[in-house]
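See the structures that follow.
Two complexes, one shared chain (subunit A), two partners (subunit B, subunit C).
And then the complex of A and B:
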């Protein structure tokens, strides 16, 4: 399938789910979708278009959280990034682990550093943060405050 | 039979980096495995948000000593993707040369360690001696054995001198016969066959399901290489082949890496032969608001950086995804069902790199102890050998 064909199909099949398509460059496309349609669109891209899941990246935009799911279609060198926006305070989205195993660790990471709950994840335990890290403190959020009085604060300045 | 839990790590004399594997065994068979990481976590992504775009290049270069080109390469490509510019041709070629030099020394490092894990220390000593030659080449080209500091958004920081090129090509040629000998010794060795063939198999379906990357995926028959799939640098301008094997066991992962070293030498030589002249830097001034993605093929697989800018001189978000982050979970598919004695080499077969996965910087001497120079270390080592000799009564 060609690039135009893929984008046309995506627009047609998911016309109720796609909010906006940003055609940034020949190799990059950003597609904003409704957060409840994530699993539907992601499994189409992974299984039918044979894309590889690169990773997901979460950003705290103060009023909402944004997660980007990056997929690379290797045959035609097209990187599709699915953008979902989660309004605070309801930070919940369906997990992609039932569709493919590759999403397991990155969902655990986003869960602990941004505090987003992935519904249907088989084992949402900690990945990187230590065991004595307090519950409900998320280091990559904008409102994060250092809580450990004994932490070494050497920024190398 | 009762189940037993065998913990390996987080601090263990056999391991190079802190990681914690919890193996559940029944008799000698592994029935379950769980990985606990995070002992190296330093919060580089957060740190990068506090640095300017130029400073970040140096911070992320120190994520890992082995992949000290891969991370800046992916990061600079992400920044260039925000601005939508192309770097000058000469810079593309030199970037490719440095990246391939890094691939050679990283693959050789792993090969040595694999020999070490198998108890085959001859391979370990040979390969690491050969690796020194490559590090010398890198020193000639960049001035450093590691952490080359060659990359900047828009190009490279230093040019390669034309009088160095014949020296480097001669050195590259001189290591090929030794490598050929090593290749035969390793690939035809019955001991290595016995220890690595048919164990830790990652099937093609599992490799796709786990989104495995790099040599780990290519050994399972998944033709996946960012250098071919989405070419960058000079990879689409010089000739080279992608190595793919089909069995997915530890032996095939080893074969892929050994053969890739030869391809890397070929790429470097081809790059030197067609090295264009001209500028090496596109001179970026301001980074506009927007987002960019940079992905490159690191020695262990795809290295992925996502950078978001709001028009200031600092990134709003910088996401780093190292290849081991995707490759390490495949141990669930490879280790379970194998014998515990094979578990070490299977876990090591993906060439895990925890520094990258957890995004940590270099180790600092915080307690104010003395830092030894190279000469001091040699002296220290001789002194220790002397003491041991005296104790054992060897003259």
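And then the complex of A and C:
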């Protein structure tokens, strides 16, 4: 399928789910979708368009949280980023692990670092943070405060 | 000078430990071993096991998880030993000073004998630092 055809089909099939399509460059498209319809759109891109799931990235944008799921269609070299906005304080989204296993670890990492709850994830435990890290403290949130009493934050000069 | 210390200074074997560095310091350390700089002329050799080493060479900013391992390695290294911190991150954590994962600088956890600054330090700087350390230890033991 050609690039225009793919975008046209996406707009047509998911016309209630797609909020905005940003055609950034020949290699890159951002598609903002509603967070309820993530699994539907992602499985269409993954299974029907035969895209590869690169990774996901989470950002704290002060007023809302944003997750970008990056898919690459290799034979036409097109990177599709699905953008999902989550309104604070309800940070919940459906997990993509039932669709493809590759989302497992990145969802665990986003969970520990931003505190987003992935519904339906088989084993949502910590991935990289140390064991003595306190519960409910998420380091990459905007309102993160230093919790460690022993931390030294000057250079000693 | 004790025979142990004499043997250590004659040919210090180095164990290279990266505690979460960006690998640039590690590349420069690897450069020291190439024929151009040839650090083996001072008898230095990278070894694979901490139990064979005389010098613990640390790079990286020392994050929460890796410092636990660094402590364990320091307990295992045969004494007397020397500790060398290479690079800005190992000295003062550099740009990661406010990072949630690097709470304490390395020299507050492990006693460091020589600091080699730079981001990354040139191979010449690393060699100069290590030679200075050897000279210093020799001089100190001569006095005793």
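Keep in mind that, in the parts below, the second predicted complex is superposed on the first by the 151 of 157 C-alpha atoms of A that agree within 3 Å, B and C clash if a C-alpha of one lies under 4 Å from a C-alpha of the other, contacts with A are read in each partner's own complex, and residues count from 1 in each chain.
By our rule, a contact is a pair of C-beta atoms (placed from the backbone, for glycine too) under 8 Å apart; a residue touches a chain by one contact, two chains touch by 3 or more.
Note that the coordinates shown come from a computational prediction; the quantities given were computed from them, not determined experimentally.
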Which superposed partner A:21 touches (first subunit B, second subunit C, both, neither): neither
Which superposed partner A:139 touches (first subunit B, second subunit C, both, neither): both
First (subunit B), second (subunit C), both or neither touched by A:57: first
First, second, both or neither for A:150, with subunit B first and subunit C second: second
Partner chain in contact with A:13 - subunit B first, subunit C second, else both or neither: neither
Superposition-derived comparison: subunit B or subunit C, residues of subunit A touched: B
Which superposed partner A:127 touches (first subunit B, second subunit C, both, neither): first
Shared subunit A surface residues [contacts with subunit B and with subunit C]: 130, 139, 152, 155
Residue ranges of subunit A touching subunit C (in the complex, touch as defined): 130, 132-133, 139, 144, 146, 148, 150-153, 155-156
Subunit C residues touching subunit A - in the complex, by the definition given at the top: 64-65, 68, 92, 97-98, 100-101, 103-105, 108
Partner subunit A, residues of subunit B touching it in the complex: 37-38, 41, 43, 45-47, 50, 81, 84, 208-211, 224, 229-231, 291, 293, 295, 302, 304, 306, 308, 316-317, 319, 321, 325-326, 328-329, 332, 358, 366
Complex interface listing, subunit A residues touching subunit B: 25, 27-28, 30, 52-55, 57, 59, 68, 70, 72, 74-75, 77, 79, 81, 100-102, 104-106, 126-130, 139-140, 152, 155
